[in-house]
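Below you'll find the structure, written out as structure tokens, and then a few comments.
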């Protein structure tokens, strides 16, 4: 950590900063420049709180040298993490393909879509039983009933099931049915929930918050990892910007950036990023080209009647066609898409 | 709701949209323009899901006419809501003054600061016992121990206590000690938590999410109100932008905008908005000038030793001076600041 | 255009809005709903100024039905525009490949890099002679001397030259040497400059402003087109967001969105978008996968000594390798990359 | 400047960085930490280009210690700059009040409004003769004819005139009539225009670009100052965010931040920031409370017929009432508003 003092800092102030650094167990190096005095803290800066220095009168700014996350960093683990569930992998040569409806709306609907997406090459099923909805008056999901239909869909297809957990009080019921737990964008900094899933022995998809920096996203992954659960899958789903032609702005750069900073697999959710069905295929292709380890795509048999996210859901036939296109892109980067 | 069809939409498609509108119990009006056919849905559009139409092939865009929130809107209730707790008000002529440390760090510290801020004119105490921290390695709050110290501070000063609730599982313990429950920015769309506090008989401060639009913020308030709890206080604390000189960008416009759209009181948190102690006074003054009903200001006796948010915390003496400056601004808009 | 009146609007106010619509030569349709009166303007709404209505006391909001741009829209021209310069195309099956240094720094440097990128498959040369620099103390470009070196590089390779125009006063000198004129992101709304290049008979690359919406970008293209110049190439180069790991956030969605809204070709500049050399290849691949018609890539023989944009410039050998990777992606979408 | 090397950097790489620092005429200090080697450059880092280091293979990141601007910084000049024009001041105890229509639309209109705003306390007139409009089909301003009307308005009131310059080719005609030159938000990084106005002996209002950081804004001011013109007035007018209830998000924090970093006066434009007439008064009050040195307010006698910016323009009577309210706020911070 580098602490830059304001012009005119006194010797007493320099000593105060120096003393505080030592109180954290680090040593310091003082450098008096032409315009500013700069103090470097030598040792593991993660033990020190930058704010402790920013709160001092004489300090102009504090610059961090090290990354604030550790367990999830590429520095900590060189080789890629591969998450395996019921024989399906996320990470490695095969691009994982999560597909299914936004919300589970009924048994036949869920099982029917599951069979269609499985036939088209999906390797994981997705479907929401607990739904975070902006309006209190909108459909909130079927709850445990929805989870049961997901389990039936798993039984019918053999594919593992990913579903969202919104509340620590639902852990038991969700654990009973789900193979992969999803933490939604709005809960990326629900730290209590992160702490709880960190204690589970079940893979977790951590969606990026809609205004989360990449560092904050990795810090949330660190929350989970710090409790013991290292089976973490990051999911880019678009960030919030001023642009209104798309629901969110899909941050495709985040994929290679995260692959550089962390050993965790990264998947992309082009359905939520775009909010428009016509953009799902080009964004999915872009994600694969940029190095994504998987895709999460919404599929609905009757999007115009969907209880949520209709505008961005593909029909099963369209999904099959999209997978065919993606297969070529994947091949160009030396990978394959799901079971297609 | 206005549904704009793509150029070349067929009569069959027009009929399909028309049928769907009627299925929601509304009637429709079809207008064929030079370049587009437009269909207006007549009736309470809140009963219809815009997505149901956006998912249709023939639809170009869907425009909402009505606001998606109702109970919290100024249309629903003309007169201002005033929240009263232990004789202290939020809303009305007096600008409420919430003051105290970011985190409760100990008994003497909490009671000491409480006495100082009470003497300076504060009308509510604030202090976090459960802290949402970006890093899993940072101080997470004292939990129930912290709540007990808050209760002691209340006993010493007579002022009501506001503190953050992060997890539905903590409701009982927080209800036991707190007078006002705070929902933090990161939980503004934790809909399960909103639903739970909506069932309580206790005022709620709802902080704006760091990338929440004003409409989304009001929708989260609607979640609380829809469960029965109408004692809601909105709190602007800055939004996330590209600017890096301040921690967040304090959206002062949100204050008059929300006062126009809603009957709920709005307070401002200049400490979190700016992240720098030198900006607290000018932003607090700006908030009052723009019509805020209250302020939430972090005060710490030794900011350079604070376990969180040191850089933005005022010392008690500085707080007293800031209150004196604010008193003049409040007087210019015909109000008074706290008990000062 | 749909004009929504405030609740309680009087008949006199309705008449006033109606009269104003008619004054623009359109007719109107009045619909009295349960909560709001809505007035639709029937005819070409581009003749009306939305602000004229927003300024009226009784108006709650104004909703546009039509797009504000016309000549550059896909509605106006169904088939794709293909720009051809010295036998090289932008649009069509071949993905155009603009390559060269950020700034022209000398004759040998420019010609040398040009020969290397031409050998690697580039179809256009790029290089800045007039440079927009954030600091007045930074290198501002070689001016006409730089343009002469670009012309020499064209003579050596046969490739057309693209270079930036910053000032209407430089039009004559830039026209003397350049084959394609580039309007930089910071000048996307320099309307006087747009008007001037609209009068030229020379293709124009219009970079997206760093906080420009897609609609604003297309409106700036409309400025050029409205003056007669239809040889416009749009270039996505990243937008400004809160993320700090990348210089800008590359908005890959903009590519398919713009291809849907407009007939103009769209290229991508992954070098500026990312600001980091390691991200150029994945972002270029993503752009092709998403449907881009071309790429603009910075290449420098000694990036660590570059007078501008060193961190994001590829060395010629690395450029050749990147092109080889991109060739596979292009093939997967049925296209080829430059002359590679 | 602090240069952080990647883990595992070799001695040869350390030497290379060291050599480059020395080549800029600075000396260096090498510090080998537990996880990273850090090299500090000692001397005036403004002479060095951060990019020169970021482009090196072995460099992880580069941290600046000093501010990149100099002449406009508070470090360079402690006392506030006060700009004086025809006896009117910007800076100091009186809050300057720029008022007038968005566009000059005619002689009688301009002179009439000028007389009304002068009577209400305005100290400067504003009015656009050259207008930057998003659409090529919108009214573009009266040009020199408009400037003549501004001069007539000055003659009628004795107040100095501020008007926008968009193009270096218009300098002579604008200089003939204007007392203060305004550079609009869209031209904040039109560096050629900044360089030209830097050579003039006339005060310049520099509006903040809609996605400009405070540092970039000050760098644009530095462009002007570096050419000799130190009569610079900064104007905050809102930045672009995701919020759609307001046209821009007025960054009130920028006012105290800039007052801390720079000696230049800062004014606020609440009309453009909000885009809604009802928000002008609260935002103007907030700006004064936060320390602004002036306000720029749009006034139109018939906003509903204005050729631009009608929705945000006050009528003259409303302007007079707003000034009366602002006078109280100004008094609370020990200042007066214009001639009111």
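When the chains are written out, they are named A, B, C and D in that same order, and each has its own residue count from 1.
One rule holds for everything that comes next: a contact is a pair of C-beta atoms (placed from the backbone, for glycine too) under 8 Å apart; a residue touches a chain by one contact, two chains touch by 3 or more.
Remember, it's a predicted structure, so these values are computed and weren't measured experimentally.
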Count the C-beta pairs in contact for C-D and for B-C, then report the pair with the higher count.
C-D
With centres defined by CA atoms only, which chain is the most remote from chain D?
A
Centroid from C-alpha atoms only, then distance chain B to chain C, rounded to Å. What do you get?
39
Centroid spacing, where centroids are CA-atom means, of chain B and chain D in whole angstrom:
31
How many angstrom lie between the CA centroids of chain C and chain D, rounded to a whole number?
26
By residue number and range, which residues of chain B touch two or more other chains?
211, 240-242, 244
In the complex, chain B touches chain C at residues 2, 4, 7, 29, 31, 33-36, 38, 40, 42-44, 63, 65-66, 75, 240-242, 244
Show me the residue ranges of chain A that touch chain B in the complex, using the header's touch definition.
20, 46, 49, 51-52, 54-56, 68, 132-138, 166-169, 186-187, 189-195, 210-211, 216, 219, 222-223, 226-227, 240, 277, 303-311, 313
In the complex, go through chain C and note every residue touching chain A.
211, 213-215, 239, 241-246, 249-257, 260-261, 273-274, 278-279, 282-283, 285-291, 328-329, 331-333
